[in-house]
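By written order: A, B, C and D. Residues from 1 in each chain.
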């Protein structure tokens, strides 16, 4: 098992004829992802890497029945693309685009939510279930199918940790980049819930950064609802307040959103927080081994009880 | 994008909010003249430093004066002042006002609620973040439905929450609505009036305004270009932005060139863990080209404080061979007179390392190694 | 039983200090309706006929827990009042106000629907469950608790038919005025569904008028889903096209919305359509008697079969 | 509220829609002058009757002419023309245009969808209702989300549905968006361009525009007051509206005074069933006062065709005693020289009947009786 995407995912690429769209469609196809259609208004009838292009999402849906859409259109046009996908009934929408005006995003988010669809991103690398489907811009080869679910606000930082998990032999069930913008469609909590319910996922890695209070909320959620081991990392311990650290969402403002607060909240929820990205894999390995030992011990328990009875 | 108080006031005025109209002065004489014109020498005026940072009051950046001569003197002392690293180039001269009550009224992009939230408090004129921390119950919060916008009943909830009397209601509601319109209309991420005052003769007045504009939406407000204050921007940051590079100047001496914002922050943290001080945050962006890497190196080298440079690249979309070529390219364009420690992994890493190794540059494998190495190199240098 | 409102309904009056609000609050109280609170911004602390007045619906809800709100504020302010009631969690909102700008109403309707609340009206007389609760402006005394559910787009025309039903001894379970505007919160179909499910309602009266296609849609619904006898009446057989007959919604435009079309659709769905309002009661009485006879006959059937077996 | 074609065109132009600009003329000479100015005598112009009704083309209300003299002659014949009961007081003189293609583009309040629907068809310039009936598949329909408004992708769905080519797309999309903005911005219930044409040189042009404004929203558009054309309004209807009474003039001879719109329609139907012809639809409104009843009676009596009057009042909020007083009051204000049949039931019916009976006026019990009675009285009279 895995979460959100697998080998049955049928992918639509919105903005497929753009530079980014074309390039990453190639990458996704190469990885074995089923890319069934693309949309670029006015380019119907063309093909990109053999994938047919339509004028509208409605047409693409009618012809090719995608169940995931990935959006590469420029930021100012991305909210419209999100709403087009939503209104065409696509249940999972991954928005890679960055630089989206935030007030537009607030509206698009509200619309997606009202329609009951799921949006991941914007300004995110997408997500991957190793060996099944890569729906995003991450380098596929660093991933390996395995035991750990990963959710992250960053891009390359995720790759760093994915690589460490792969090297350590733990691998990943699914790795989800939720994006670095202030308003995002899917939060840590949403993904934690999915990983908690996924039988294949044994441990969860959560990569946060400064800005907002998503990590604090996730910590509270973990405390109440997550039984699997969670290892965290928070980037930006040394970031100064009031400065946007690349991501629109990565900013300490009004004294909130500091790494220290987030680390404290996670620790209080029983989440070990790594000091270095690569250390995440070591900590997870240790936790899973400890859990295995504990399980083996407890597994003997019933026998003893039975014997006693 | 941050704008000055006087610009925020002008912006809010176009949406019908009553502001305390004043004049901007860039010299002490202009301030004296403005005082003359505003008060006619009879009333008092406030001379307020215009800087993109808070705490100017405590720093002595606001002075109340009675005469043009006093104004000249006050402006003299404020202009050129350094407030949290921001040099004062302008003052805003406004008439002093008879204040009966002070309120806080702000509209923010509310990340947690994923919407636009109106915040108000009868504790106006003070640091609202402190109020939020100390006495959160004194803050009224109402989140507008993102699709409907602010409804009248929500504006009334704010007013009743503050205990505004019926006869003052209409004026207050109009300000709440106008502030919301200003927020949405100008694509702000923050629009705040602090204090919003009631004068002795029962008039509402925005005494101090602050607006932060959404960078991503500036493309649809070309007129806002002229609100940009070059004095308030680090030249290198401006140049970086023009080249699609995220750059933030910091106080340390170790230059960082990284791809990806999260990894760039983690790299700064790693440098700090090794006892070093990062000179900057730098994210070269997604599919960084050789040219962009060269530009990034130039930007870092433009800081004379830099004693060593750390490259940390995890190639995904970015190809390591192109990054290597960018580094070599940069060396032909600018003189690299500080040691560089390079970590280059991911897509095409072998090709990249090969290119660098042929040019006599060695690379390291891990981020921690790289951080340790660059701090050592910096100390050695 | 009855639908929507009964003796447990706790009513909030929005616009209670206005002329209409005050007058009808008196009428509702007199009928025995539980009016628990009123709202008029800026009038908190006052009382109308002993009913406490609040500044906001949120306050009124917190203090008095109403589960129905009735709105008497002037048309331009009614959408705001509808949304205030919705956002305060009131599940049933009756909007009496007329002259609401239609584009505002379109938005208010969408908001109410998204929130899962039910809006009746606007521009309607309200609804009444005789002997239990009158939440509206209709004269209470003409009603009598009985066997027939009534749903109508009109006001006084409804009274005419209610009176005939009362005189005939049939009486009403609940009488619902859905309103005469082009955009209304609750349609014929919504109410038909409720009456069909209400065990006390034996027959349904549906009073339509020219304009729109609500009656045609209701006819299609009746054909598929309604087993109880339905008697209809359509006002405006002689109305000329292009002229608004009082109600904003009562207008034949673009060749659609004629009484003839509606009557034909209802007939095709097995609905008898009366020629005169008062005739509705006679037709219903005949249908219910016929049904009773049919039931008594069929009730004997099993015995015969048993006897034969 | 209906407005004229030329007013609709001006309204749409303020929203950026390219219209076929012309001149309004109220006399034949003005039309000749306008023709001179528009065509300079070289090109052709169309002289179009301005009336609040359709079918003017078939009625001879549109003429294509080449010279000012021809224009004078055409205007002469059109001005004063009766088109479906509307007298032509104005003509719109517009340049004739080289038409390559004709489309229909309309935005309507969609009752069934409870939203705003964009309708478009490549069958432009013809009766769209006929297209809707005969070949509904030729109409593209897209309903905007009421809270989000029209989205760009929806405008594109309309364009692709019509097969608009990429190079013509931008101009077309801009018109769709502007028309939607005009619809919402002016609180219309209908805004349509028929035909929207593509000229021989690939320009988009709104050749004929129609806008219907929402009466309930006129209060927020005070400027629309001057779009009202008194010539197009029945004086009695205008007077009724000013008094809160709904009145529609009809062709028959039996005056009706009823409380409630549904009951008023049912009353008209009952009169017809009895072989009579209603002279009007009249709803005195909810809580009708004596004064309002008197006013209603005056309005009905103002129609010289009226030979008998039917009062049908079901008292709910309306009290029968007040209605009775109103009838007596009216008799003191205007001369009632036709028979009246009065049906008065409901709240305070006994008091009402008592008052009338004391004044020598009898009442009937049922609507059917009343309808039969008034038709008989009319014939007798």
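Going forward, a residue touches a chain if its C-beta (ideal position, glycine included) is under 8 Å from a C-beta of that chain, and two chains touch if they have at least 3 such contacts.
Worth saying up front: this structure is predicted, and the values here are computed from it rather than measured.
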### Message
On the document's contact criterion, could you list the chains that touch chain B and likewise touch chain C?
### Response
D
### Task
For the pairs A-D and C-D, output the one whose chains share more C-beta pairs in contact.
C-D
### Query
Which chain maximises the distance between its CA centroid and that of chain A?
D
#### Entry: Whole-Å separation of chain centres (CA-atom averages), chain A against chain D
56
### Query
When the centre of a chain is set as the mean of its C-alpha atoms, what distance in Å lies between chain A and chain B?
29
### Summary
Cα centre of chain A to Cα centre of chain C, whole Å, reads 49
### Query
What are the residue numbers in chain C that touch two or more other chains?
107, 111, 114
### Message
Show the residues in chain B shared as contacts by 2 or more other chains, in ascending order.
### Response
145, 147-148
### Query
So that we know how the chains sit together, what is the shape of their touch graph: line, ring, star, complete or other?
other
### Query
Every touching chain pair, please?
A-B, A-D, B-C, B-D, C-D
### Query
For chain B, which residues count as touching chain D in their complex?
147-148
### Task
Write out the stretch or stretches of chain C touching chain B in their complex.
41-42, 44, 55-59, 77, 80-81, 83-84, 87, 107, 111
## Note on the structure
Touching chain C in the complex, chain B uses residues 145, 148, 151-153, 156-157, 160, 166, 169
### Contact set on chain D toward chain C in their complex
53, 109, 111-112, 114-116, 129, 132-133, 145-147, 184, 187, 189, 214-217, 219-220, 246, 248, 250, 258-266, 268-273, 278, 281, 283, 286-287, 314-317, 345-347, 366-368
### Task
Provide the residue numbers of chain C that touch chain D in the complex, in ascending order.
23, 75-76, 99-104, 106-107, 109-111, 114, 125, 137-139, 142, 152-160, 163, 180, 182-183, 207, 209-210, 212-214, 217, 233, 235-240, 242-250, 254-255, 259, 275-278
